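Here is the structure we will look at, set down as structure tokens.
Chain IDs A, B and C follow the sequence of writing; residue 1 opens each chain.
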Amino acid sequence: MNARRLIQLALLVAVLIYPFLTLESPVYQRLGALVLLAAIGASAWNIVGGYAGQVSVGHAVFFGIGAYSAVVAFVHADLPPIVGAPLGMLLSVGVAAVIGVPTLRLSGHYFSMATIAVGELVRVLSSTSDWLGGAQGLGGPAMPRTVFDLSFMSAMPYYYIFLAVLAFLLGMTWWIERGRMGFYLRAIKDSERAARSLGVSAGRYKLYAYMLSAAFTSLAGSLYLCMFGFIDPESGFGILLSVKMVVMAALGGAGQLFGPLVGALILVPVEELSNSLLGGEGAGITFVVYGAIIVIIARFLPAGLLSLFERRPTAEKPAVSTANPASGHAD
Amino acid sequence: MLIEAQSVTKMFGAFKAVDNASVTVEEGDILGLIGPNGAGKSTFFNCLTGDMPLTSGTVRFAGTDITTAPPEERARLGLARSFQVPLTFESMSVLDNATIGALLRHHNAREAQAKAREVLDRVGLGRLADAPAKSLGTPGRKRLEIARALASEPKVLLLDEAMAGLTPTEVREAIELVRRIHAGGVTIVIVEHLMEVITSLTRRVVVFHQGREIARGTPREVTSDPHVIEAYLGRRKVRHAGES
Amino acid sequence: MGMTLVQVVVSGLLLGAVYSLFSSGLTLIWGMMNVVNFAHGDFVMLGMYTAVVVWTALGGGPWASVPVAAILIATLGIVSYFLLVRHIMRGPMLAQILGTFGLALFLRYGALWIFGANFKTLPDDLVGHSFIVGGIRFEGARVLAGLVGLAVTLLLHFILTRTSVGSRMLAVSEDAVAAQLMGIRPQRMQALAWGLAGAATGIAGALIATFFYTSPTVGETLSIVAFVTVALGGFGSVLGALVAGLLIGVIESLSAFLIGPVYKDVIVYTVFVLVLWFRPQGLMGKA
């Protein structure tokens, strides 16, 4: 037990001082920030996709709304981009309600298909809107005007901003997980019919999870815009973005608190590495690898990597003694 | 009057699965719904729980019209059920399964777990509280269904073939359990095709055949009714002969 | 204007017949085993590339490319079933969706890797003729594609409803366990469904390739077109897919004509969302 605590403490310290360990190599600093940003998106997806089991493949919609809200705040209102973040979150919650109310009533596949279609719909629409910069997209402030523009040369400030947001998001998820809503979401995922027979308003809870998830995905989009200073329909609303959120969560363990973070820790470096090794021409191979990883997870490891390390507390032993005779004893 | 179902009809396409059935349940009743396979009793049952919308008719619960209320609304009013094929929450422990039921009246997760533990003890699953629910066999799962429903502190418990697939010993134990639950003040409606369960447990029986009610009364009255013998027992004999 | 409108509707119907064909593959699989093949559009894409390769590299025409595509994609379907789908179909929802979705990415970017990102088109001279009947111009390729699409869809419907193989497949889709007790092997029937769906999809791909740009990412759009068609027609109904496919074809070409080509996808996706909202069981599905 103490060894466990010690390892946890060491990990925590490592995460906190990571940017100082990589002062000499900005590439690794940037990589750290990217992992955290991806983990925010995937952890946000995890609320509805992992805990509630409603597999959205269109979360890029909310990411894009967040990114565009931030850049629009700058381009059309001359405000610091981050001012657009809360607006984006509100808008995303609204859009989630519009998509979710009709589709979450239906079986899981409908929801996945509808989210794909809505994602593509929004991407095409955004590329036809001059106000959003059309297919070329929009850029944030070229030069930081004040510190509130959150435009920095070094990746270190981003690292700590992303870390704070991720910590808040995971803290909130942990709190939900242990409360009534966490129980109810798991019940809905296991058997919606049984959950409803026990008084669980399945539709309402799925919608809450979806809206909450949308809000934080949108925040991830706004943060992305602050760091990269630029957004276009493909990088904001592209389907691959949605896929990455799903895959990171699923690789680490969907419906597990740290699953998405673990997935991001593996996939972001893989992607950066293959992009830098293979260059623009090799971008396709990155996604061939992605596709293969996804198929392998689905086929052999549907519960994700973390399930391999799960200590099964009290699970196996009683399982044996439980078999029919034991449960037949009345009192 | 706790449950008042009036002229309930349920059609699947042109097929009348339930035809103009009216059943009332008084507080403190143990009511049996019986009939051969395909008689419409399970369909009628699912109309009471809100899992299937009625084609026509009304259902009232403790004076409130619940004809169009969804299952979760009915659960909140005090109508709990078990499923014929147990719908266990597979990824959870036995305790967490029961906790889902208890959370209906106890919003705090810790209080709900305390309530769930108490109910598990009552139905004889206390020792297995921390085991994963998927490790339970059929009798355990059926018991867990009942525990989960009880944890929601219902006024009425609707049991859908809660004893099907159990050995005779297990059936006797399950009957004992239902008796205790009833003695604890819960009204019981039970769908069953095992005669032994009906005769030893219920006070009143409604017999379905081909979607219609063909008889009602005490188990003794019903089993000597010629219509019932012809429709239900007769067919059972034939089926048994065919099976062996 | 009046004549042009008729022209637009006719070409929409011809396109729609091909949509019907590849959507019937998706609906068949859904009806059989409640699995959505998210790689469906990419199966069509591979059918298209098969046609391109057969025509340009091997020198064959449509009489060679259509059967080759049918066999190749049917094989792909059966292999996907045995290696992947069979194992994930009883798993959690996430694994079901991820499995075929990963397959989609794998095929899509594999094609990008092998064939490059550039659009490919087939040589015009083979089916590039057009003729005018009653003031309406018909392009040879589209007419051929539309008629073959219609015929094969009807054939599939006939196989499923009028043959003993069809009724055995229906038995498996209704209750696999009961079917097994009657001596039907569910896995064999399900594999057959994947084979049939693959063949239909491959044929559709080879047909579309005669008048569409072939590119690695075309499958993404086609997948969504298939979802819309299947949702509109009612999940599991081949006849529904036929009617819905024709309808979608007309809606698409009308909106391209009346509003602008950029908006044809927008309109089709909007139709999808509206269908899910107001009539999730589809036009011909059971409530």
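Quick note on the criterion: a residue touches a chain if its C-beta (ideal position, glycine included) is under 8 Å from a C-beta of that chain, and two chains touch if they have at least 3 such contacts.
For clarity, every value in this text was computed on a predicted model and none was experimentally measured.
Any chain bridging subunit A and subunit C, meaning touching each of them, is missing here; the list is empty. Farthest from subunit B in terms of Cα centroid separation is C. Look at where the CA atoms of subunit A average out and do the same for subunit C: the two points lie 32 Å apart.
The mean-CA centres of subunit B and subunit C are about 45 angstrom from one another, to the nearest whole unit.
Each chain gets one centre point, the mean of its Cα atoms, and the points for subunit A and subunit B are 42 Å apart. Taken residue by residue, subunit A touches two or more other chains at no position, since every residue touches fewer.
Listed in rising order, the residues of subunit B touching subunit A in the complex are 49, 51, 70-72, 75-76, 80-81, 83, 87-92, 96, 99-101, 103-104, 107-109, 112, 121, 124-125, 127-128, 130-132, 135-140, 143, 148-149, 152, 167, 169-170, 173, 176-177. Listing the residues of subunit C that touch subunit A in their complex gives 30, 34, 36, 38, 83-84, 87-88, 91-99, 101-110, 112-113, 117, 216, 220-221, 223-224, 227-228, 231, 262-263, 265-266, 269-270, 272-273, 276-277, 280. Interface of subunit A with subunit C (complex): residues 49-50, 53, 55, 57, 99, 102-103, 105-106, 108-110, 112-114, 116-118, 120-121, 124-125, 128, 239, 243, 246-247, 250, 254, 284-288, 290-299, 302-303.
Those residues of subunit A lying in contact with subunit B across their complex are 178-180, 183-184, 186-187, 189-191, 193-202, 313-315, 318-319, 322-324, 326-331.
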